[in-house]
Amino acid sequence: MAKLTIAQALNQALEAALMEDSAVVILGEDVGKDGGVFRITDGLFEKFGGDRVIDTPLAESGIVGTSVGLAMAGMKPVAEIQFFGFIYETMDQIASQAARVRFRSLGRYSAPMVIRAPFGGGVKAPEIHSDSLEALFTHTPGIKVVVPSNPYDAKGLLLSAIDDPDPVLFLEPMRLYRAFRDEVPEEAYRVPLGKASVVREGTDVTLIGWGPSMALVLAAADELVAQYDIAPEVVDLRTLTPLDEETIVTSVQKTQRAVVVHEAVRTSGFGGEIAALIQEKAFLYLEAPVLRVTGYDTPYPMTMFEDLWLPDTSQVVTAALSSVRF
Amino acid sequence: MTDGMEMFPLIQRLDEEGNLIGDLGVLSLADLKETYATMRFLRTFDERAWNLQRQGVIGTYAPFKGQEAAQMGAVAALEDTDWLVPTYRDWAASYLRGVPLEHGLFFSKGHPSLGDIPVGKRVLPAQVVIAAQTLHGVGVAWATKLRHEKVATVVTFGDGATSQGDFHEAMNFASVLAVPLIFFCENNQWAISVPLARQMHAETIAQRSIAYGIEGFRVDGNDYVAVANLMHELSERVRNGEGPFLVEALTYRLGAHTTADDPGKYRAIEEEDLWIRRDPLVRLERWLRAQGQLSDEDLAAIDADSERKVEEIIAGFREALDI
Amino acid sequence: AALVNQPVSARGGRALATPAVRRLARELGVDINMVTGTGPDGRVIADDLRAAASQPPSDTTIVGD
Amino acid sequence: MAKLTIAQALNQALEAALMEDSAVVILGEDVGKDGGVFRITDGLFEKFGGDRVIDTPLAESGIVGTSVGLAMAGMKPVAEIQFFGFIYETMDQIASQAARVRFRSLGRYSAPMVIRAPFGGGVKAPEIHSDSLEALFTHTPGIKVVVPSNPYDAKGLLLSAIDDPDPVLFLEPMRLYRAFRDEVPEEAYRVPLGKASVVREGTDVTLIGWGPSMALVLAAADELVAQYDIAPEVVDLRTLTPLDEETIVTSVQKTQRAVVVHEAVRTSGFGGEIAALIQEKAFLYLEAPVLRVTGYDTPYPMTMFEDLWLPDTSQVVTAALSSVRF
Amino acid sequence: MTDGMEMFPLIQRLDEEGNLIGDLGVLSLADLKETYATMRFLRTFDERAWNLQRQGVIGTYAPFKGQEAAQMGAVAALEDTDWLVPTYRDWAASYLRGVPLEHGLFFSKGHPSLGDIPVGKRVLPAQVVIAAQTLHGVGVAWATKLRHEKVATVVTFGDGATSQGDFHEAMNFASVLAVPLIFFCENNQWAISVPLARQMHAETIAQRSIAYGIEGFRVDGNDYVAVANLMHELSERVRNGEGPFLVEALTYRLGAHTTADDPGKYRAIEEEDLWIRRDPLVRLERWLRAQGQLSDEDLAAIDADSERKVEEIIAGFREALDI
């Protein structure tokens, strides 16, 4: 099997989708000739032509709003928002439009569309480019939020997202685009939406993350095992909504402790929802409060200081230790 | 600076006195008789809905009184395979495309059936967010183009909607992508309490087409003959790949913005009077009478028929909701 | 209804404890508010409950069921 | 002292602000001659003229974006967004612009501006008009979120919001605009931002709400006392960010139980943040999980069914009872 | 349909051969000698910044090479009390308004000092979100109008920015409110990899002014004499309450979008060559030489001076960041 980066795995998924279904079109800023600023759509314009892979004018609401129309009329648009921070421009078209099509029309229409966006920090990008805003969409009924953290999931989840009959926000951890390679099957396999993955079994504390934070969580898990003889269970949520509550609750009922890790600012981040859920569903099992390792409650800093701002492995280790030792 | 009025002279075929300027174009006398009956029925419905709200039977209703010719003309040229992407005041237009008029009542009642467009009818549910549907119109038209279907899409919106960023993005996308779409603006000159002159500084909405390098048209929206003919021409042209186009239909909201609104607070009675004289129904009636095609008896029959149909609709509505 | 005598825990009648310990108290049928905590800051810990459970019930305490 | 509705109290606050400071201007859709669709700005256009009370074109991003410019250049704009559901249109100008002015310019510029918006359900408004989206902004560093629930607070908080040197989102519970009257002093008093109010002292369970949900919370509290002999402590948050953690934690340490009530959909609502916070800061005190009474995870329904959808008093009572009986 | 090129003929005063068409207008020969020296210095800085990135000293940098005349002209007429509301590529324009050039390096380094505008200078920090600043420009200009200050505001943005809804809302608000603002578009013909023809269907950006009922102008953005003269005229007019205006300055991004970008993927070398011949610096040099006002020695002196100043800036920058 070929070893691919997340970027390559995504490119394969998009190519497979374009081949499988003539209703699939890719649109966004610079996704055509340029192959996207992160080269995720590289080569697709050349292979499928300008009717399938479309450079749009520079207007995010336009990209998402026309996608809603395309989708209602039977196409399957896969829109790229160049950086997640620019998603603000599209909030009405996502939350009041795409997410409500099925509801508004009593199922007469649906909006089978995917909005892809690179997100997360650590790549020294300018202001607004690195923000983690997934919690805005986990609070938006009608849209699914999917966040892969490795090449295998990236390909399989993206194909499932494109198959989905309703809108899916697909968030790609840009720091991990080319950070490592994994074995990725050639064929167009699917990874189901709505299922978390227990990437490491353990008994002492459940570490929960998604997308970019999985890198820290996995490194912290190694350290906990190696240095502290602690056996963490590691859960990669993969899909934030609909949330796989069962996997989370089962794990915490076993370990009785949990730490949630995300890059987004702390207040009202998705970590708060996870903590609220755990204390509600596994209350009598808890030996320690659910702890959160997150970004600070400030705007994402200028990148000279992003490493100071971003949660890191040692913070995850510290949180896990305080949980275990509580 | 450009004089929008000069660049986009008002297209008119039937003036407010009921005089035909030129000919009927693609329309026939029979068409106009039918149109008149339908318009009168729609007017009856609209006024009746207003009263239902006053009686507390339904909630907030947005009347289309005064805009019947614009809405009817907007869809006059559409085929079964064509699309309509309407806004929240377009019950008349949607009705002609196969959406029951009850939907206007469902809307005012906050009933979900409002969104239940009959299967096979190519109409989107009424849009509440101003201008959001303009982008959906672009997407729908683009989908038909990508599939090489020979169909036209009409997206409707108010004058106020042209201030929104989405309207601009829609016009720009549509023109760059050359989609088979007609942007149809019902310029009723008010966005709730804000008159057009505070909504924009340009003289006409039609001139906004220039910003996108497409053709724009300004038509008397209270003149069904003019609107219907223009839309016949343009929908044929968009089906042939010549779109998109922008149409400004100059009309007037004779009623309040909604039943929750009091126009007395912000607009002059003289203005309302002026536009009562320009009523789309009146000029059609005058012309038909002048042609000897409308007698008092005909009118009584149309009214009776309208009343009956409206009663039926309301009965069905009450039954559906059990009220 | 439960009839309870004067609580004896660290803070005026209400025990400090993790929810898991509270569950154990339920399982053992011990009124956690009657148990003296020996954990950090007077927190009631599992051993405190087990000790309390192995003692014969005081005649002034009836835990309702 | 005069007994005023929330609507009247807000109108008084706006009038006082316009009188006190010539830098204050009011702008929005229909705020001028019409006095706003809820008549909150009634009479102000007549009193202060079209340079101070401005009807804008129909464009929310334009309203907020020009307000950012006005504020950076020394004015104090008070912008009205006609219904909170249309706030989506302005997300970039709020979150990436207004909220970051001070941070971006190292304090060289600030954006002293208020964005007012009626929100919440129960008034049979059309789609999108009734959504409770406060959690989108509690997740936005750099903007304060203030939500009064009664006439006295409404006036005092709005004046404090206008004084504030940074942007404030001021959310007005539209169902309560004219629901009741309270004594409101004539003068231009302030109620401080960032301070919750304990509106009822109790020992058995802490009920937490804000804005429209306070109506349910207070009714439920009455019922708990009268029918169940339970003494709830009631906290009205008033300001969501910055949050008055101390008042919440102190109360829950006393009562050992908490129920949070909001109209917004459950997942990632601000109730999740409150629950996460409580279980973290008062863990050893908790006798029961923090419960949430919220809207469902669906789009806000068509209003024919809004009463079925909206949380109601009986749900709050039930949650409080399950907490107490846990 | 309207021919934008015809309606908005390109305003030029110094053609690419260095020939003056007409006269210098409000500028003097001395002005142009100084302008040339400054432009050369700015070019030196920009090229040096590019190299610093290639050496790994700084991060992503957005070069303004080729757009110097447009940026310098945009602010040529501004007084101390006037405002500039710039976008992320406007280091040259901001520099002339009192913002140290280091800020461009701070930006590429992700250093917060980027936003630390010197006290007393009426410039906003560089904007990253495309078109967001156009609305801030309207607000700033509106504030000055409300306070009856007699000042002009200039907001700058790229061609790509005109596709955003915020641009439209800004143009519309500005025209309705009649604010003293000049919208200055640096049309460098590319938005990263997207050429203007895929960005919009209209022939010119200037013609978008018609949509708002305001005056628009299309000027050769590589011709400092033309841009500076136009901005003198327009800033005086906006101070007198005649604004807003839209200016399209036709220019070209000679470099890559940023140091992270490879234009070879999407644009033809012939196009780049064409615009190298239209370099704003070259035509100024030709003209000055033809006037006998620029010798090889003068040039060497200017270069030496530029180098020295750039070295100083970089030294200061390295010291500030301790790198």
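First chain written, first letter: the chains are A, B, C, D and E, and each begins at residue 1.
Please note the rule applied: contacts are C-beta pairs under 8 Å (C-beta built on N, C-alpha and C of every residue); 3 or more make two chains touch, one makes a residue touch a chain.
As the structure is a prediction and not an experimental result, all values here were calculated from the model.
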Ranking chain pairs by how many C-beta pairs touch, which one is first? A-D
Would you identify the chain whose Cα-based centre sits farthest away from the centre of subunit E? C
Report back the single chain whose CA centre is most distant from the CA centre of subunit B. C
Averaging over Cα atoms per chain, report the distance between subunit A and subunit E in Å. 38
Using the average of all C-alpha atoms in each chain as its centre, how far is it in Å between subunit C and subunit E? 75
How big is the gap, in whole Å, between where the Cα atoms of subunit A centre and where those of subunit C centre? 45
Of all the residues in subunit E, which ones touch at least 2 other chains? 112, 129, 163-166, 169, 172, 176, 198-200
The positions of subunit A in contact with two or more other chains are 57, 59, 61-62, 85-86, 89, 92, 96, 103-104, 127-128, 279, 283, 286, 288
Two-or-more-chain contact residues of subunit C, please, as numbers and ranges. 18-19, 22
Please give all chain pairs that are in touch with each other. A-B, A-C, A-D, A-E, B-D, B-E, C-D, D-E
Can you list the subunit D residues touching subunit A in their complex? 85-86, 88-89, 91-92, 95-96, 99-100, 103-104, 127-128, 133, 135-136, 138-139, 141-142, 241, 243, 264-265, 267-273, 275-277, 279-280, 283, 286, 288-292, 297-299
Which of the residues in subunit E come into contact with subunit A in the complex? 59-60, 88, 107, 109-112, 114, 128-130, 160-161, 163-165, 191-194, 198-200, 260-261, 265-266, 321
Subunit D residues within the subunit B interface of the complex: 29-30, 32-35, 37, 55, 57-59, 61-62, 85-86, 89, 124-129, 301-306
Taking the touch rule as given, give the residues of subunit C at its contact with subunit A in the complex, in rising order. 18-20, 22-23, 26
In the complex, subunit A residues that touch subunit C: 256, 279, 283-288, 326
